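Same chain, two partners: chain A is paired with chain B first, then with chain C.
The block that comes next holds the complex of A and B.
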């Protein structure tokens, strides 16, 4: 009980978590929340401004784009695309990175050498170029975007977690588990993984924000999701032609990306503060 | 006490910002050229006294009342700058850990040079000359060469000598030594203590000697102050406090330490733990009353007055006269120990371990960590291994539990050849109790799950209920309440954690238990609990124990036989009484002499023994 209370006293965690939760809720409930289908065209209203601007119309609360599609609906469905990609890609990167990190940190020696060199080689590729090359090779599609992000970002998990695993590996309780006959996999799962889990959750939250940005970049250059799937990056790309006539069409998706990434970063930092025992040391009895 | 004290601390209070007191009403005085010992267990606040004088109190702590006067000057009223000038010049310090006290990137000469420059030797050549002088004074060989070495090239004992030389360089009036020997080996400890005593005489310096070790204080100090829960409970001449204490806590501390001579008497075990700062605030009477064997109603209601029981001997107790009647409870079946069996649980013949090192040219160099060990441990026999750091004690345990491979000779563990038998055969039979319970207990497991952990990966996994029952049974064996099973390690005290550590090793009914320095990090009263627990287990002994320790008295208290190791070899082995009573190898003699301290302690133990009978 005390612990939950202390979590709630961390403003970054609460604000970040609330906004991130809201974005996730939008993504899950998009078909019920959005007033229109994101691809429906209303040719009477093209490049309509939001309702609060002069000439705004109540039919389209946040206005429409150059094809007469409702901006609010597209933002909400864009959140769905963004979250789908972010959750799947972050999870994939986490799984791949965490497995390799635990193997490298636990076994050390040659396994560690091999995995660490692999990470170093991987990291010396420019990440944006690497993901674009992957998309060109694989073709566009939501699943391809997810795969591209996983293949680029697993190294981040691997590097940070490996050193965490090494610290836990040095604890006597790990040696004890080996001495009473725990198999290697069991030691990793039962003794080491619970200790690295807080770090994993924190990294996952930060990776969510990064994935949102990468997905937006890829969609912006039309190398992300297919054209019929609404995405924030795509909305920015569409709106940039009319950016002087209809600035809202550009500003709103940028704001959506900004708020989403900020919220996940705040949430991740907050999690690090409350989950890391080194930061929790004072006042914890 | 006397009007011309070098250091006079009067009713000093140190408190946290929250107002909880760390030290309460501390009065101390050191006469010129005398050594005052401050004795206390961890958490008593003893280091805070040194920190208050040095103005290095940790953040969040401040002096809330009282004064510190040094040689007529009031330190507590001074500006930080004038006070800093005084420190290092008129007040010297000897730190606890010599290994971390010097900057590893500068040579010893540069560092002592800076210090000498600070105390007013402007000329570089004079500084070097003085440094060499000082180094020879503290018994360091080849002092000129030493000036050019870096701290990592010196051993802990040598570094502590360098630091002692620095502390006395300016002929200070006062030297504060905060646990100066705790981080050092026994034989070096004795030399360092001797050196401090000699330097004090040569420079006519007063010394404030802070320690947790009663025996050491008896050897070094003229006067002693015993600190408990932030208060001084007893002050007086060292011999009086050690031999005829008039405060129950001092007596309990003395009775809790195992001794090297006389009969192996049961140790005094204090219930509960020292109250923390917050708990103390809620106590109206004596802070020691809840643990005191002589306390009654009045003790919990009114704080005890501090009064002289004899000239120069002050005790803060309602009933100082009851002190001498305190004795540890007699053992249920004293002396009735299970006889060791005939079968060998552990047998080493010509056992050796060499590490291979490759240099950058690929040349192989062998470093022998262990050489030609021959010994046997029989069933239900408790065997101690003593030796200093680097003697190969820990390498030996690693060989026995299979964390390292044997490179020469044979090692039979529970009748099986360690090198040729698969690891699985040993899992249930050999168990290791780790030194540091903090690191050995997974903080994310509950105690119940920890103690039964070794059953987890067995094919016939126990049902949850049976597992709970087994956990309760194991906890009872180490005298922990059954409700401890639902707690996490962080919710237990250091001594309780160590008991969980032992219970866990007993889970699989091992035939051989290896305990590596399991009491070395613990306070005297907690150590007593663990040692008595081991004695108790020995009475029912169903296993053999290999106890590794640097403390001879600890080994004597628990073991039947002892192996003395030095530089990777066993130099002497035999029954404990015989080896410690009449050592034959020069190294054992040196160890025993170092552990005994001054001969004075002999008659002290003899007197104590006659008290008990």
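The block that comes next holds the complex of A and C.
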């Protein structure tokens, strides 16, 4: 009980979690929330401003784009694309990074050497360059975007978790588990993994934000999801052409990405504060 | 001492070589998997099947992939990076022409990020325990949620569309001409001695630099802030206070020198992020550098250009990482014995 109370008293965690939950809810309920189909064109309203602007129309609350498509509907369906990619990609990157980190940190020696060199090689690529190179090789598509993010961002998990595993492995209870005769696999899964889980959850939340950004970047340069799938990056690319006539069209998807990334970052930072025993020992600042 | 330091730097630089070699193999392999025929792409669409076949032979595309790689590597070492299918010119020439613009942009952005980040970190530390600290922390969260390409677009929206203060296209006002001595436009424009040209160059690079730099700075602010807090828990700070040094002397004379180490390491490991950011930021500002060329090459599958630029990005990132490593080494005597 005490624990839950301390969680609720962390404003970043609560606010971040609430907004992130809202974005996820939008993504799940998109077909019921959106007033129009995201690709429906209303040729009577082309580049309509939002309803609060002088020429705004109540039919399209946030206005329309250059093809007369409803901005609000596209934002809501864009959230669906972003969350679909972010959840799958963050989970994949976490799984791959965590497995390699546990192997490297637990076994050490040659396994550690090999995995560490792999991380080193990966880190010599600027992440944007690597993800675009992968997309060129893999081709365009939602599943390809997910795979590209997994293949780029596993290192974020691997690097941090590897040193965490090394620390945990040195603990007495892990040595005892080995002495009692537990197999390596069991020690890793039953003794070490639970100890690294809080870190893993924190990193996952931060990775959600990173994945949203990468998906936006890739669809911005038309190397992301297919053209008929609404995505925030693609909305930005479309609106950029008409930004002098319709600045809101550009501002709104930027705002959507910003709010989403901010919420997952706040949530992740909050999780770090409440889950990390070292932070808790210092008390709240 | 100097000799030892040079040895450290040399060793770090030498350690890059095998990593970079593996990177070239990976990029080469990744681009060869593509269902794109480089021979066909480098010829006009009207080329006959025989001509394409002859070109394939000339480019070594009928050989096993490891022989193709060996051929590429041998030519690359000799300075031949192939020919751009899109521009019909030697890739090496096109890439080298644009390299200075990107280096200039990235270095200015890095300086901007470090200045803003270090100043912000110190400021945030000096107001620790007050409401201003929480406000500053909240501000870093906000900026952290705005990656460089979003900042670039926002800057265009605010300073280009709403209150047009800055140009948002290219490197110079149309009609201005600067003779190229170094390739670095800021230097070249200074060499002309013409104030209006210098002003034009600076106003053009200002927004891209701010977009890239500002995106990186909140991380520096946070790292320096927490590093300063850690440093102030050390006993020598208390001793300095007992010796009667002022707050300012302690901060700038003692604490900062030690607290800056994590920032140096951060800049080294995260530089790739800033440098990679030039891809989109250059494209958004039509800034004629490598990043802009890369995005175009990727959209047209101009393989030799993609390969060359990808490798330059990796090489610069690696180089920077190892230099930051060496700098951290210099700053921290403890690392030297390890």
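Simple rule for what comes next: the second predicted complex is superposed on the first by the 281 of 285 C-alpha atoms of A that agree within 3 Å, B and C clash if a C-alpha of one lies under 4 Å from a C-alpha of the other, contacts with A are read in each partner's own complex, and residues count from 1 in each chain.
Note that a contact is a pair of C-beta atoms (placed from the backbone, for glycine too) under 8 Å apart; a residue touches a chain by one contact, two chains touch by 3 or more.
The shown structure was predicted, so the numbers you read here are calculated from the model rather than taken from an experiment.
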Could you check whether chain B and chain C clash or fit when both are placed on chain A? fit
Looking at chain A, which partner touches more of its residues: chain C or chain B? C
First (chain B), second (chain C), both or neither touched by A:53: neither
If we overlay the two complexes on their shared chain A, which of chain B and chain C does A:124 touch? Say first, second, both or neither. second
A:220 in the overlay: touching chain B, chain C, both, or neither? Say first, second, both or neither. second
Kindly classify A:262 by the partners it touches after superposition: chain B alone (first), chain C alone (second), both, or neither? second
With both complexes superposed on chain A, which partner does A:244 reach: first (chain B), second (chain C), both or neither? second
Can you pull out the angle centred on chain A between the C-alpha centres of chain B and chain C, to the nearest 10°? 90
Give one of first, second, both or neither to describe whether A:29 is in contact with chain B, with chain C, with both, or with none. neither
Quick one: classify A:137 as touching chain B (first), chain C (second), both or neither. second
Once superposed, chain B sits from chain C at a minimum Cα distance (Å) of 7
The residues of chain A that touch chain C in their complex are 12, 117, 120-121, 123-129, 132-134, 136-137, 209, 213, 216-217, 220-223, 236, 240, 243-244, 247, 250-251, 254, 257-259, 261-262, 265-266, 269
Listed in rising order, the residues of chain B that touch chain A in the complex are 401-403, 423-424, 427-428, 431-432, 434-436, 439-444, 453-454, 456-457, 504, 508
Which of the residues in chain A end up touching chain B in this complex? 171-173, 175-177, 179-183, 186, 190-191, 194-195, 277
Once bound in the complex, which stretches of chain C touch chain A? 19-20, 22-23, 26-27, 30-31, 33-34, 141-142, 144-147, 149-150, 153-154, 156-157, 161-162, 269, 272-273, 275-277, 279-280, 283-284, 294-295, 298-299, 301, 306, 310, 313-314, 317-318, 321
